[in-house]
Amino acid sequence: MKPEFETAPALHVSEWINADKHITLADLRGRVVVLHAFQMLCPGCVSHGIPQAINIYNAFSRNDVVVLGLHTVFEHHAVMGPEALKVFMREYRIPFPVGVDDAVSGSDIPMTMQAYGWRGTPSMVVIDRNGAVRLNHFGMLDDLRVGALLGQLVTEQASPPPAKSF
Amino acid sequence: MKPEFETAPALHVSEWINADKHITLADLRGRVVVLHAFQMLCPGCVSHGIPQAINIYNAFSRNDVVVLGLHTVFEHHAVMGPEALKVFMREYRIPFPVGVDDAVSGSDIPMTMQAYGWRGTPSMVVIDRNGAVRLNHFGMLDDLRVGALLGQLVTEQASPPPAKSF
Amino acid sequence: MKPEFETAPALHVSEWINADKHITLADLRGRVVVLHAFQMLCPGCVSHGIPQAINIYNAFSRNDVVVLGLHTVFEHHAVMGPEALKVFMREYRIPFPVGVDDAVSGSDIPMTMQAYGWRGTPSMVVIDRNGAVRLNHFGMLDDLRVGALLGQLVTEQASPPPAKSF
Amino acid sequence: MKPEFETAPALHVSEWINADKHITLADLRGRVVVLHAFQMLCPGCVSHGIPQAINIYNAFSRNDVVVLGLHTVFEHHAVMGPEALKVFMREYRIPFPVGVDDAVSGSDIPMTMQAYGWRGTPSMVVIDRNGAVRLNHFGMLDDLRVGALLGQLVTEQASPPPAKSF
């Protein structure tokens, strides 16, 4: 018996950059999803998290692993808006879609950040082919261990959808 | 149907260091084996291959992944003998067993190196739970991709041994 | 006879951050000045130029070497204004004064950048105790060679001011 | 008045590698000398000290700065003899002359190591144009600070030799 894992909370995104259309986790069911939460002026994101996310994007087939960025601004909102983010993404050549985490009225902490309980940035979430959270980590992660988790999850089969009766 | 992979050639080792007893691949059947072939005076081995092998050793359970070094001396034999290797292993704190690749009379190339066809050092072989070669690589390898392969192989089940009839 | 070096053009700065008062090169005559021109969303500045400038700041006595940053925005002006720069400097813990290079009406290229002829960011200028430009470099520089130049310039004596007659 | 610095003790070398003839510090008077003491199986020497010494060798004119290696074996003598050292130097492409520190009968510590009082490897000594020790350091050194010291010493003039009377 496998342990049960929690279903990944939905993403709350006001705007997607580098994407043709709005992206939902439900659309990605059947593939492994790496969700990289960052802020453009967070040094650890720039030096470690984003390069690692780009490495993951380049190392796996898009049919197996989808990398999504999430701009989870929880401080200095005025200078990290979507226009600044777009320049940042162009300068740092971020090749994957990035969503802007949706603001919560009266709070500095945006909505997806609240749903996942992130303590800061960078944070990384890995979601399996069945939509369950298998890793939810704040801080740095070793490439070898991230690779091992992804290699394992890629190998796992998606469960067949439950039978429907009418 | 899985593709068929070749069964890993046997190791030819004149002496094991950091090991209680002689090690064979047959003994390790059921576990993933990472075989790291190096020479103690090879700069790429020292700067890249050996640190990566130590990382792998630290990242996985010994029940899943076994790391073995192999000292495959094919040049400058006089100064890379077992006594020099023992000092090297102590100074570089190599925690896994290392075998001395067996000399072939009349050849500079030792026996296991010939069997695996390595073109130089560092070389890395990854063997699955069923004893089949899944990677045989000369040169540098990215941590993320090595991790992904190992994560995948750890997940695979060992085949049941063939039924025996009496 | 020493070669003649050109006197450093004046800085044109609309605002200093991390400084008690407006700074001019004339005020710093007698000390070596390292001028580090950057943009906050320039990847090479963030990964290489700024860490090197901070290293220089920490390696030398303030009586010998003064490090100044200059935010020379020549693109994406809307998202790299002074408020964004202040957040960037706090997040990246930049310990030295940074001036905002003054805009030129009708041009994307700010005034000091034009005066020094920089082709982009990061650029580094080293000015000797007598106010002469000894290095004006666009791109990366090796720590050892930068150190050697600074070690040399620190050793040089400032010329006595010219005699004045009344 | 400059502080007085101690005259560098003579080198005791049984054999020079990468050199046309025996080298003495007296021969190098008038130039800055960087003496890099290492052991070929010392990890900190291989990862840090030797690359830094090669950088110094490449950054300065041979008329200003001479880099010398010294193989100061104080442990595991049997496996770090001159033949092993020659292979090591070829594999690591060490471009400067390296002397073998002379053994002292009845002691593990070779003669030059005793004269300079090194506590281990890597150690670096910097000698000025007048033959005086300006740095004698065990362990790692930052490129920027080493560069600064060398830049300063290169700038200093050699003292004229004392007048001789007949």
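A few notes on this one:
The letters A, B, C and D name the chains in turn, as written, and every chain counts its residues from 1.
As a convention for this text, a contact is a pair of C-beta atoms (placed from the backbone, for glycine too) under 8 Å apart; a residue touches a chain by one contact, two chains touch by 3 or more.
If you're wondering where the values come from, they're calculated on a predicted model, not measured in any experiment.
Looking at chain B and chain D, not one chain touches each of them. Number of steps on the shortest path from chain B to chain C, with steps defined by chain touch: 2. At the far end from chain D, in terms of centres built from Cα atoms, lies A.
Rounded to a whole number, the gap between the C-alpha centres of chain A and chain B is 36 angstrom.
Chain centres here are Cα averages; for chain A and chain C they lie 39 Å apart. Mean C-alpha positions place chain A and chain D at a centre distance of 52 Å. Touching of two or more other chains is recorded for no residue of chain C. If touching chains are joined by edges, the resulting network of the protein chains shown is one closed cycle, each chain touching exactly two neighbours. Each chain pair that touches appears in this list: A-B, A-C, B-D, C-D. The residues of chain A lying in touch with chain C in their complex are 41-43, 46-47, 76, 78-81, 83-84, 87-88, 91-92.
Touching chain D in their complex are the following residues of chain C: 52, 55-56, 59-60, 142-156.
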